[in-house]
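First the structure, then my questions, so here it is.
Note that the chains take the letters A, B, C and D in the order they are written out, and that residue 1 is the start of every chain.
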Amino acid sequence: MNTDRSTAQEVPAPQDTPGPQDVRGPLGQDDIAALVARDIPHGSFVNLGIGRPTSVADHLPAGSGVVLHTENGMLNMGPAARGDAVDPDLTNAGKIPVTELPGSAYFHHADSFAMMRGGHLDVCVLGAFQVSAAGDLANWHTGAPDAIPAVGGAMDLAIGAKKVFVMMTLFTRTGAPKLVPRCTYPLTGQGCADRVYTDHAVFDVTPEGVVVRETFGTSVDELAGRLDLPLLPLGG
Amino acid sequence: MTTQLCADADEAVAGIEDGSTVLVGGFGMAGMPVALIDALIRQGAKDLTVVSNNAGNGDTGLAALLAEGRVRKVICSFPRQRDSYVFDGLYRADRIELEVVPQGSLAERMRAAGAGIGAFYCPTGAGTLLAEGKETRVIDGRPHVLEYPIRGDVALIGAHRADRMGNLVYRKTARNFGPVMATAATTVVAQVREIVETGAIDPETVVTPSIYVDRVVQEGTA
Amino acid sequence: MTTQLCADADEAVAGIEDGSTVLVGGFGMAGMPVALIDALIRQGAKDLTVVSNNAGNGDTGLAALLAEGRVRKVICSFPRQRDSYVFDGLYRADRIELEVVPQGSLAERMRAAGAGIGAFYCPTGAGTLLAEGKETRVIDGRPHVLEYPIRGDVALIGAHRADRMGNLVYRKTARNFGPVMATAATTVVAQVREIVETGAIDPETVVTPSIYVDRVVQEGTA
Amino acid sequence: MNTDRSTAQEVPAPQDTPGPQDVRGPLGQDDIAALVARDIPHGSFVNLGIGRPTSVADHLPAGSGVVLHTENGMLNMGPAARGDAVDPDLTNAGKIPVTELPGSAYFHHADSFAMMRGGHLDVCVLGAFQVSAAGDLANWHTGAPDAIPAVGGAMDLAIGAKKVFVMMTLFTRTGAPKLVPRCTYPLTGQGCADRVYTDHAVFDVTPEGVVVRETFGTSVDELAGRLDLPLLPLGG
């Protein structure tokens, strides 16, 4: 898999031990993708980041009216191409062969990123290393001194869509929170994340603070004990 | 001026000078002007600055040009890929310079070069490492970074079809950077799969008008 | 969001509010959305800012909207024409505000609005009356004027054909301002000559993708 | 005639009295257009301004390879349309119905002016009220206090093409020179005119000064007496 943008390959596998308070334990990646798909309004124009976010497409119901954008110059992208349908001239941003749906359109890179930067996409879904309480997003660079920097379209997507949804595990493999007071990794964009879907909970980033929309196998209080930032209950 | 139909890829890249900035089209293999890059390797120009989305894959194409030590600097959005070991090695050995540009700013900076825009304020990358050292300005409450045009001496692009006048059409997502690069370079060279008579391309569907195209060569005439 | 296919032009312009900025396509009569302008006259919104290349001809269309006193300000490149007597009269009576913008800067400022560009340095008009009061900067030895985006609340454009999803194609030089205005307004309304099934327009030839189009109405369904 | 740009309608009719030194007296407008056409290199991409400059097209020889641009979004424009060929969707920048030639292309206004501003046109031919010794061009505004300002594409054309050719009579109806030390009319562009074709002479605007390339029914000395600026002989 060629990864021009997302960091999904670095997201650890979900924990599968059930949480203490709910038989519905921490979610698997597929469940997170399904949650994101559930929250995309009918008829939205959507860009799904490379890696895990791509799987959101598998959970969009028939008749969702969702139109997928790929930043390498296409609207109304169809599913991955198989067999004879593989066409080297038709790929997604991850350089995976895809298909076209009726009503698709092709355009060049400057027009495609104008569409993104201009705020015409309704939703974009991205992976992340870290999201801060202010909605800062870090998903392009580990900050390691020997890392070769490579950003792809991550920064364009982060600042462009009307709503930026982040999909990630809430903790790293070593248990460190990825929803943090301030990002320690280099930023992709400032204040750009609107909602964060994780295995333990879904969060809204609001001017008042981080709101917990729903939890999976845990509670707001328990999460508050594991995260280094204030959490607000939904409707609180 | 009149577009030149070249007999082969070597004729198409003739005259590229040492020290040139070369814009190279393609996103992955889609739209990649492989025959032109191979001809550029044979042609011999060195000390090049290459502007492209990636920095070469495997051992062929751009990676082969890099491996020959002909590229001084790469301007791209995503050099690091699973099989970008040629670039990775040169970079870690400090034998190549790298400017990483967000993909959309890369496209827009070339568009600005082609469109006669002196510079533009862009929200992408504001507040990040990639804006360090760049002028910034808050417009409508939002931070913007001042970005300058990227111009090429030469653009090497892949298109689907040309007419004999030099009008180009592309195919599906292989369109990507080609149309933008064609506006941004002094000499624009296109490799195409077929060349048709002038008038055989519907004028409503031309993506790159002939005014931007200096040389055309049909693939397979290497 | 999903493009709305409207039963008639009145439905297509419903909800335009007093004080709106309305981008109006067309260059001369080519691409002029006559049915939508007529519907806007019936609809009643006032205190409008109209952005268009010209400022109305004769007694119909834009000129009729102006004659009703509904337009506070016109932003255009060329208000003065042989038959622009409605505008001329309002202007000389100091009953309308005028911002003259070079035609290319007019297009580029709307393009910037649609493309998320905060502002851009443009060589056009530098050192002339039209740059007075604007920030300037010398880039590469050449004076440039800082130009800001022009955004519309509504765009009214004329296209040739739409599919049911809202993808648009234009015809010949009637394309002109339509594709740019479609990117630059919150609500984009297109009048077209025909609406075809989704999939009936070749995706390579779409000029305005459906993402930009909010409402479509077929001409003659007034 | 709808005039979005040029001022050709304000250019007086040519003087047709022969000059004192040359049976080839002051040229008519048609002769000036022919001179301009003669100097356009084979295969050039050219924009002809509205009004008189449009007539240059009539003097381009068959096989000139010249491709005409019209800023309302077309390359390889053909001659004016007549009869059944008139199509309201196909006009030039003067809103006159025209035709298309094989190999033409259509594009929108932002792309069309990007082409101009980006310096891709080889030659643009414009009318003028005044041209200064420094190549400043004034062709959009008389400066009259009651004039309604209207610029169209004049300023874009003035600064965009690789070479800007101006076509004008050398003197106004009242005998005032139009090639001047400094423009008194509001400028269209600074230092943009490269060559000036007039009924009495052709001039090059160079860093060293105004060079007289050829004269018609007059001499450099005689012109120098009628113009308020230094003139250099060709090759001097």
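Keep in mind that, in the parts below, a contact is a pair of C-beta atoms (placed from the backbone, for glycine too) under 8 Å apart; a residue touches a chain by one contact, two chains touch by 3 or more.
Remember, predicted model here, so these are calculated numbers, not experimental data.
Peer 1: Quick check on the contact network: minimum steps from chain A to chain D?
Peer 2: Counted as steps through touching chains, the separation is 2.
Peer 1: Tell me, which chains sit next to both chain B and chain D?
Peer 2: Of all the chains present, those in contact with both chain B and chain D are C.
Peer 1: Have a look at A-C versus C-D and report the one with more C-beta pairs in contact.
Peer 2: Between C-D and A-C, the larger count of C-beta pairs in contact belongs to C-D.
Peer 1: Suppose each chain is reduced to the average of its Cα coordinates; what separation in Å results between chain A and chain B?
Peer 2: Chain centroid spacing, chain A to chain B, equals 29 Å.
Peer 1: Using mean CA coordinates as chain centres, what's the gap between chain A and chain C in Å?
Peer 2: So the centroids are 36 Å from each other.
Peer 1: So what's the Cα centroid distance for chain B and chain C, whole Å?
Peer 2: 33
Peer 1: Do you know which chain B residues sit against two or more other chains?
Peer 2: 108, 111, 115-117, 122-123, 170-172, 204
Peer 1: Which positions in chain A are in touch with at least two other chains?
Peer 2: Residue numbers touching two or more other chains: 74, 100, 106-107, 114, 116-117, 160.
Peer 1: Name the shape of the chain contact graph, picking from line, ring, star, complete and other.
Peer 2: Shape = other; not a path, cycle, star or full graph.
Peer 1: Chain pairs that touch, all of them, please.
Peer 2: A-B, A-C, B-C, B-D, C-D
Peer 1: Using the touch definition from the top, list the residues of chain B that touch chain A in their complex.
Peer 2: Chain B residues touching chain A: 27-31, 53-54, 77-82, 87-88, 91-92, 98, 100-105, 107-108, 110-111, 122-130, 143, 160, 170-180, 207.
Peer 1: In their shared complex, at which residues does chain C touch chain A?
Peer 2: Against chain A, chain C makes touches at 1-2, 111, 113-117, 163-165, 167, 183, 198-199, 201, 203-204, 206, 209-212.
Peer 1: Give the list of chain C residues in touch with chain B in this complex.
Peer 2: Within the complex, chain C touches chain B at residues 108, 112, 115-123, 137, 139-140, 142, 144, 148, 169-172, 202-205.
Peer 1: Which positions of chain D touch chain B when the two form their complex?
Peer 2: Checking each residue of chain D against chain B gives 41-45, 65, 67, 69, 74-76, 100, 102-107, 114-122, 160.
Peer 1: Within their complex, state which residues of chain D touch chain C.
Peer 2: Those residues of chain D that touch chain C are 1-5, 70-74, 87-91, 95, 100, 106-110, 112-114, 116-117, 141, 146, 148-156, 159-160, 186-190.
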